[in-house]
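Below, each structure is written out as structure tokens.
Each of the next two complexes has chain A plus one other chain: chain B in the first, chain C in the second.
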Partner chain A sequence: MFIYILKRVLYAIPIALSVTVVSFMLVYLAPGDPLNAIAPADAPADVIASLKSAYGLDRPVPVQYGMWLLRAVQGDLGTSIASGRSVTGEVMSAVSNTLMLAGFAAFAGVLAGCVLGALAGYHRDSWIDRLATALSVIGVSIPHYWLGLVLTIIFSIWLGWFPAMGAGPGGSGEWLWDIEHLKYLVLPTLTLSVIPMGIITRTVRALVADMLEQEFVVALRARGLSGRAVFRHIAKNTAPTVLAVAGLQVGYLMGGSILVETVFAWPGTGFLLNTAIFQRDMPLLQGTILVLCMFFVVLNLIVDIVQPLIDPRMGRN
Partner chain B sequence: MTAYLPIPPAVAATRSYWATVWYQLLRDPMALSITFILLLIVSAAVFAPWLAPADPYKASMLNRLLPIGSEGHLLGTDELGRDMLSRLMYGGRISLLMGVIPVLAAFIIGTATGLLAGYVGGKLNMAIMRVLDVFYAFPSVLLAVAISGALGPGMSNSLIALSLIFIPQVVRVAESVTTQVRKLDYIEAARMSGAGAFSIIRVHVLSNVLGPVFVYTTGLLSVSMILASGLSFLGLGVKPPEPEWGLMLNTLRSAIYINPWLAALPGVLIFITSIAFNLLADSVRTAMDIRR
Partner chain C sequence: MNMVSLQDLTVAFCGNRTASALNQVSLELGEGEVLGLLGESGSGKSVTLRTLLRLYPERNTRISGHIRVDGRDVLALKGRDLELYRGGTVSMVFQEPGLAFDPVYTIGQQITEAIRVHEAIDEQAARRQALHMLDRVQIPQAERRYDAYPNELSGGMRQRAMIALALACKPKLLLADEPTTALDASVQIQILLLLRELQQETGMSVIFVTHDIGAAVEVADRIAVMYAGRIVEQGPVAQIVHQPRHPYTAGLLASSVGMENRGKPLLAVPGSPPDLACLPPGCSFAPRCASADEQCHRERPPVLNRGNESLACFHPVLPFPEAA
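Take a look at the complex of A and B:
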């Protein structure tokens, strides 16, 4: 088991490194000189030269990457061009908001998906199966940014139950765990949760239906085990796959939340990326992408490590 | 007279694989009705210059945000007073193209790369697949936003970004099938009898790979539609005043307090198209699963 974990961690290191390379190279994807965002087009040559050396842009690219990585590891992601503030500070508060949203949405979506999928798998071809299948197709096909808009129309404009935008009353930036703040979380969470709901429903339904036909389940039933005991066996056998799919989904939600955050003006990474892209703020873009993707890499690692813990068969080889 | 009885259904068994798939799809009422809806949307987009009741770019300050069902404007007008129905029809041209092109690109480039990696194998395979692993270290939506954000807003840049996130996925499918097939005896036999690599791939490998890749890429169409319009919604794709469903959804957003259903209208079309693509992909998958 220890060796397995070690192997997984070692495998994650090159992946993490390649993520840093891609995040860094984003600047070079951008058309034109990275300096264009800072210096006016008609700046004198000596100003350009001094700016270049100040940002380290006069050195070879690999050296620039090394310096950038060294600073990033120490928690310094540079200075935002748009706001002049430290990128690390801006990214951290935004990422925590995004992770909170993605976490809640994944939890809600996975829970709903498991219940729907299990019910559908147990009662194949019944009305509940058809409902679950329809919901899962809708969940994966709906443009969630549009769903957010529709939910806003229904629940904030018509019914006035939940606020339409922001993450706290009066546009306050500070998050608090009280009813007033939680109300702001409801619509974005609901919007974002339909994607994992759809995918998990589909997965669980197929797994449960397949499991019910397995010989060992038939044997358990024939022996007279209660429905609940049989269900426990089925749950144990489906859990590893569901966990793997769910883990992947949390990661995708971290990216997918960008669109939903835009709809609800949620102060997360979506907002930050918007600023970064439209103000050509490359340090901010690099930093945000890097931090989000590192979370994704770590999340995948955790899923890889937890899986054999709940499914002993996987740890053996 | 009995001698002229129709030929017994034994003929049906000799149909080729693709003909059988086609036959199955034609008998599937779901697939047929979805195809009909898609055809409706596609032809509304293709024939927009002849069918659209008004000029999609012609603004009118007096007729802003007219509700659905207004006289002269069947689906109302947008925030600049442009006819919604016409804009939605013209918008379909860009939205559908932007959804389909990345998938098509991924289908062609991904299959070719996957065949190459799988057939040559060894170090080249390792190199290609490890490089592609990097793409899996990113959440795909985030990667699309990052790439098109770094490249700068614009239609071609978002097409590039979307193709880039789909290609690795298709390569994985094509590579795994090719690697499996390559080891089979009949490929070895073909090689021994002097067939070149190219003709082996074309005759023996490709026919095995196309099926799974086709099923996989049809499944991507819906995601691609949602993401392409999503990028435009973020302001990363098509630029105004072009009519595009995602962009229209964005510019009409502020109108949800005045005329909510009008503002939601472009999203309805994205939703219908995407769900149709998804259901069609399901039908295709079922129809192609008859091999055994």
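Take a look at the complex of A and C:
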């Protein structure tokens, strides 16, 4: 088991390194000159040159990458060109907001998906199966931002139950765990949970339906186990796959929330990314993408490590 | 009173085509008796066993007739009674031990769980009982095997564990659905001997499904031959093997008798079984039968009974002695 974990970690390292290269290269792949964002268009050549050396843009690219990586490893992602604040700080506060949103959405989506999927798998071709299938198709295919807007219109404009924008009363300040703040979480969570809900419903339905056809389920009933006891067996058999799919969904939610965060002005990574792109704030963009990708890598690593722990078939071989 | 009594048991699976898998099967099995159920693939052997345990979902299965096991009306059992009946009164050994265990629980956990469904005892006592059962089916190092997952055992060991599980709650009737088909020839014999030995020790009744006449001869007291969801002939082992009456039985035996052929599938009779969704009006074997005449195609032969022998044929190879 220790060897297995070590192997997984070693596999993750080259992936993480290539992620840093790609995030760094973004500056050069993006059209336009990052300096355009700060220097006036008609700035004299010597001003441009001094700015270039201030940001290190005059050195050879590999050297720039090396310096950037060295500082990134120490937690320093540079300063935002637009705001002048530390990128690390901005990214971290955005990450915590996004994590909170993605966490709630994933939890709600996975829970709803498991319940719906299991019901549908158990009662195949019944009305509940058709309802679950319809919900999951809608969940996967409906545009996020559109659903966000519709929910805003219904629950915030017409009914006035939940606020439409931001992450707390009186502009975005410190997050607090109280009712007032949680209200801000409801609509974005709901909007964002629809995709994992759809995907998990589909996965669980297929798994459960397939499981019910298995000989061993017939054998379990032949032993006199009650419906509930048989369900425990089915749950334990399907858990590893559901966990893997759910883990990936959390990852997608981390990055996939750009539009939803924009619609609800939720101060997370998506919102930050959006700002960084529109303001051509390259250090901020690099930093945000780097951190998001690292989340993916780490999340996959965790799923890889946890899966065999709950699936004895994988653990022993 | 008889252990099992099936009367005109008819089972149909509804779908876009309704397949009548069993047609008016009547069968009696005494206490401590071992019945071999013989027939080609698709003749309804497994359906008979699974219906005895009520394992088919009611939604798309139509069952009529009567099933009495140990004096109880099986088709009327519900809820907790049905759960106690399954595995408690009647239990089953499956054809593929590799598929019939839950892969993510250990062998021991599964046996212990089954014991605790039927007996109000604690974990420790159930564990001791499970270990005792593993010993009884001659699994070496039972302690270690107890904590093994099904995929960590060989096929033969898994089938032994399956038998241990089936017998753990002391059933009065054991249903064995081709318990040796998935195993190597040498292991097959060991498992057959083990079953025979356990049957004699416990005195339980057994219905033993097989393709293999050699295996049936080895363990059974009586043999019932099935064709297209019907029992076409029944009788003591010696009678069936040496004086088969039904042309189908005779055909089955023609190539399979003798030890050199044991374990081989039954391929003696040319042709293939009829489509269960549209059975012919007469004898369902008539299209493949050399001695079939016009009556066979038109009318269904009635089942003649005498003692524990029966026959459904207009033109038997050997005459069926009429009841005095």
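Quick notes on this one:
We adopt the following convention: the second predicted complex is superposed on the first by the 315 of 317 C-alpha atoms of A that agree within 3 Å, B and C clash if a C-alpha of one lies under 4 Å from a C-alpha of the other, contacts with A are read in each partner's own complex, and residues count from 1 in each chain.
Just so we're on the same page, a residue touches a chain if its C-beta (ideal position, glycine included) is under 8 Å from a C-beta of that chain, and two chains touch if they have at least 3 such contacts.
Because the structure is predicted, anything quoted here is derived from the model rather than measured.
In the model built by aligning both structures on chain A, chain B fits alongside chain C without clashing.
By the touch criterion stated above, A:228 is placed in contact with neither chain B nor chain C.
When chain A is checked against chain B and against chain C, the one touching more of its residues turns out to be B. Seen from the C-alpha centre of chain A, the directions to the centres of chain B and chain C diverge by 80°, a value given as a multiple of 10 for the model superposed on chain A. Superposed on chain A, the gap between chain B and chain C at their nearest CA atoms measures out to 17 angstrom in whole units. When the two complexes are laid over each other on chain A, chain A has no residue in contact with both chain B and chain C.
Every residue of chain B that touches chain A in the complex is listed here, in rising order: 133-134, 137-143, 145-147, 149-153, 222, 226, 229-230, 233-236, 246, 249, 253, 256-257, 260-261, 263-264, 266-268, 270-271, 274-275, 277-279, 282.
Listing the residues of chain A that touch chain B in their complex gives 15-16, 18-19, 22, 26-27, 29-31, 137-138, 140-146, 149-150, 152-153, 157, 251-256, 258-259, 262-263, 273-274, 276-278, 282, 285, 289, 292-293, 296-297, 300. Across the complex, chain C is touched by residues 214-216, 218-226, 229, 233, 236-237, 311-313, 316 of chain A. Across the interface of their complex, chain A is touched by residues 50, 53, 55, 83-88, 91-92, 94, 96, 99-106, 113-114, 117-118, 149, 151-152, 165, 169 of chain C.
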